[in-house]
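Each of the next two complexes has subunit A plus one other chain: subunit B in the first, subunit C in the second.
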Partner chain A sequence: MAAQMAATKVPEVRDITRIERIGAHSHIRGLGLDDALEPRQVSQGMVGQLASRRAAGLILEMIKDGHIAGRAVLIAGQPGTGKTAIAMGIAQSLGTDTPFTALAGSEIFSLEMSKTEALSQAFRKAIGVRIKEETEIIEGEVVEIQIDRPATGTGAKVGKLTLKTTEMETIYDLGSKMIESLSKERVQAGDVITIDKATGKITKLGRSFTRARDYDAMGAQTQFVQCPEGELQKRKEVVHTVSLHEIDVINSRTQGFLALFSGDTGEIKSEVREQINAKVSEWREEGKAEIIPGVLFIDEVHMLDMECFSFLNRALESDLSPVLIMATNRGITRIRGTNYQSPHGIPIDMLDRLLIIATSPYTEKETRQILKIRCEEEDVELSEEAHTVLTRIGLETSLRYAIQLISTAGLVCRKRRGTEVQVEDIKRVYSLFLDESRSSQYMKEYQDSFLFNETQGAQMDTSQ
Partner chain B sequence: MDDTSQQILKYLTEVEEAAEDVLADKHQIVDLDVKRNMNREALSALRNEGETSSEKVKVCFGNMFIKLPKKTTREMIQKDQEQLEKEISDIRKRLKAKVNHLNELQGKPELTGYSLSPLSKDEMKAIKQMLMR
Partner chain C sequence: MAAQSWVDLLKSSRKTVLVHDGKRKVHYLFSDGKEMAEEYDMKTDELAVRKWRTKSKLGAQGPWEMEVGESFLSTEAVLEHQLIKENCSNPVFMRKDTKTCFQWRVRNLPYPKEVYSLSVDPEERSCIIRTTNKKYYKKFGIPDLDRCQLPLESSALTFTHANNTLIISYKKPKEILTLEEDLLKNLKKMKSVNDGDADCKTQ
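Up next is the complex of A and B:
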């Protein structure tokens, strides 16, 4: 009985951890465009918003070709119309090589760092530098190690190491240093190793497949690799991509490991930044480095204040500048830190620099599609009627609320051991969890019984 | 044969030729490396023999052995070794252009950072420090 219970419990635990890992935009794989940059109605997790997606696709192509650096894009639209989804789509289709830094507008306000410092760090995180490392290595499978120890017990050891690839085999003489590092790495016959020619560092790659039999009794952690091909002495080229910020950090660590432990680098001196800029442009002239202008995404950009905007204005003009993508859900509102009204809470001079992409509310059909995609993502089976009901809820309240009902309804359904979420499950969670409008309705009705209800007249200021 | 198939055939021949070129170069590198390693073995054998044995060693040329003084032999092999090193690095340089050409013919994108020149050892050391974090 106990064993049975344990057996049934295990999958439940797994399911819970899985739900935790699903983010709100985890279903987005790209912008869902075809080769001609025409948006498909439903693709890569994106639904509808055809015009905005096409615009984003255009910008994406220009970013990929490196045509636009130092430009700024604003994605504007009502809440829940897929602004962050489009930004995520851009990030996903840029690939791993182009740096993408995401930041929420409120993140830059910190006591430890000035606003402009936080912004310039974000800017420099979004610029990648591609560099190449070239090393000469000897790579081969160990055929035999022979170590001669002097009979007296003291004195230098000498030995021989036989290495082979699929094409050739050779014998190396070993000095005492080499023997020491070989025994430290526990290299045996049958291992595939690389030796760095410059430093003499030995790395074990794994055991050769041809010797798999000899190691039959080994644990599962033994890794088997193919015997290397070609020449023994190879030239290995590795391309690294680092961000300018990372180079800054390593160079500003004059205080040593203090910065290493606190995890926070604090402010970086502008002299350090200038030095790095000079070094990087020197590398670029020598053909040693490529600059990859990445993307800096600032969500909720209306949270930035006047100083930040003027900083952004100037930062966009520097020659090492990424593409700036901003998103906001505000209409005409006060610019933070001033008493002036402006569209999207962004000063007019800044707005003038922006390419603006607008998102529009989803239609019924699109809402239905998005809910379907989210159901697949969260592994919840939805019956046809429940889907219709959920779509209605999504249209009448908000898409976010409807999406939140999916996993909760899924849990209710599992509780009653159903396989498919029915209308009853939706109804149940709908009664359990209030949406925004019902909650405010409730507030209005029972306001008197809440605490601090006398602050009725003073409206909460949300623009600040 | 009509025009299009004629064209396709021409294109395919071109790709095959480029690929063959790359493979031939790769093979040559292997052959040269074999020679280089053999020379290296010979050099260490000469070194290990010590001063006790005779002044002359037997060297194999083609299908006969010739007795040569140690010093001359060593110098000869070292010269050969330098020549080999140079040849290998030349081929590697050429190979790069050829692989690029092949990729271009096949319509594949150029490898990222392929044409970069490598950082010097000191610079790499500083970067390594950062990457190891």
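Up next is the complex of A and C:
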């Protein structure tokens, strides 16, 4: 009987927009500093690294000020000491209006584009321009919203939206993207909304007064507004932020605007860039536009080669350059593209321009704290002993490996129908998955039985 | 005089004339980057189309905006990148002039004639269509009069309703009539690019 009930149960419809995936740094919400820029021991997902966080806080203030162009910062430290976390923390505390572009050092090596072009594009993506533009918007009260799924189950959804003002009423056909964003915003009959016609951005203004008598349960923040007057379509001036790169693309060819969506921008001529720079500074002098210098973050910066560094040297001297943050986990190593050794794999003349922030390995207490935060983030309950064991693992192997064990141990625990991860669960996954040092140990022991072992052995013979 | 400045602007623009399909097509490129295109019927000399295109502040090419005539774009093609579009059952507003009147047609308006009322708002320089059943409302200006800075007269405005269509007429003032006559004479004198494939040099 019960089985039958379960079989007839309608499968739960999952809303795609509500699933949030957990990334390696999704627990970071800021730098965790107080107003005086003093770091708190544990705050906003950040633990320890007090000196580096304070330094990053000062850099953040400099970025927010926006007066200083072309400063470069290097975050250097061993693997797993929170370099990327600090960069993410800066990104999070900057807010949505300041451009933050992140890329890995290996991303600029492409066959379609020269290295310097890729770097220039990244630089210009990190500079925002706030400008007023006139756009067409539709503003009205939702009378009816109707979305039809095709009968076959596949194909595009079709939808209709009826909007009204005090004077008129219009029915709109909806594209599939618009249907998606309408259901994401949970727009329903009685809401007063505006739709930006060009970008399709929907803003809920509130609920119409005419619906105020409905005895619906409503949140405290629900606002009641008047039904708009006059025509549904209006022209309005809106302020928005575009990056210099976007302006470049729009102007680089006649249908350049479409290239923004397809992503096929190709190389942009330097004349176009110069023209745009002149235009932007003209706007700035006339007070029409405001420049927002953002942040360009290059992770794994030792992957860049000599030419890139010399390009960076020059690019940082321009007054239209963002604050550059780089991160590396290398010590003294070869500069890519040369035979010279240099600290962090960065030439000395470049290093001379950098403010260097060092991160240090975490202590036992800090490791414990980070593991606790990650457990909360991944929704896994850990018993006190298991937590201690995991901390030991984190200290003896690596923090990353210990973090990997959290969700796997959580799964083992759930399979045996436990509510809290015990030491046995940790032991189980520890034996199932090798960490880096145990794996190397294993390799050394069983090297002979792996494939292509003979040829390698022969090579080693000749070299001696 | 104000009308004169508009004429000067037209004269200073770069014009390309093309005769094609029984229509005289004229393209104007103004010094500020704005473009205007007109189409005249060869037999009746009536203005069939006048449309404008401007560059946005950031330098992107905008779409053609119709001042006179109808735009022919299929619904699906527009929906692809417009995200939202008016349903085809909605009233369609377009302008189609005659020799003596500016004339607007609003199709798909099935309500009886008593529902509509027309008024002129001299301060905002626009005419307003209202409906008593609150189904349709439209505010529109007459760019021709704005360009010559002539006043709007409510007495010149009349409307009729037939076959689900509301037709609004505004009698052209004398100044406009003489201006249009002169312009047309000039255009007729201009040599047309004969082969239809010639590129319209805009940049």
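Methods note: the second predicted complex is superposed on the first by the 319 of 464 C-alpha atoms of A that agree within 3 Å, B and C clash if a C-alpha of one lies under 4 Å from a C-alpha of the other, contacts with A are read in each partner's own complex, and residues count from 1 in each chain.
Everything that follows uses one rule, which is that contacts are C-beta pairs under 8 Å (C-beta built on N, C-alpha and C of every residue); 3 or more make two chains touch, one makes a residue touch a chain.
Here the structure is a predicted model, which means the values were calculated and not measured.
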**Q.** Partner chain in contact with A:Glu167 - subunit B first, subunit C second, else both or neither
**A.** both
Q: Determine, under the contact definition given at the top, whether A:Ile373 touches first (subunit B), second (subunit C), both, or neither.
A: neither
**Q.** Which superposed partner A:Ile250 touches (first subunit B, second subunit C, both, neither)
**A.** both
Q: Look at A:Leu94 in the shared chain and tell me whether it touches subunit B only, subunit C only, both, or neither; answer first, second, both or neither.
A: neither
Q. Is A:Val412 in contact with subunit B, with subunit C, with both, or with neither (first, second, both, neither)?
A. neither
Q: Examine A:Val421 and indicate which partner it touches, taking first as subunit B and second as subunit C; both and neither are also allowed.
A: neither
Q. Between subunit B (first) and subunit C (second), which does A:Glu231 come into contact with in this model arrangement: first, second, both, or neither?
A. both
Q.
Tell me the contact category for A:Ile195 with respect to subunit B and subunit C: first, second, both or neither.
A. second
**Q.** Which of subunit B and subunit C A:Lys177 touches, first, second, both or neither
**A.** second
Q.
Need the overlap of the two footprints on subunit A, from subunit B and from subunit C, as residue ranges.
A. 131-133, 167-168, 170-171, 173, 230-231, 242, 246-247, 250
**Q.** Partner subunit B, residues of subunit A touching it in the complex
**A.** 97, 130-134, 167-168, 170-171, 173, 198, 230-233, 235, 237, 239-240, 242, 246-247, 249-250, 283, 286-290
**Q.** Residues of subunit C touching subunit A in the complex
**A.** 56-61, 75, 79-80, 82-87, 89-90, 130-131, 134-139
Q) What part of subunit B is in contact with subunit A in the complex they form? A) 26, 29-30, 32-34, 36-38, 40-41, 44, 48, 92, 112-113, 115-119, 121, 123-124, 126-127, 129-131
Q) What residues of subunit A sit close enough to touch subunit C in their complex? A) 131-133, 138, 160-161, 164-175, 177-178, 195, 197, 200, 230-231, 242, 246-247, 250-251, 254-257, 279
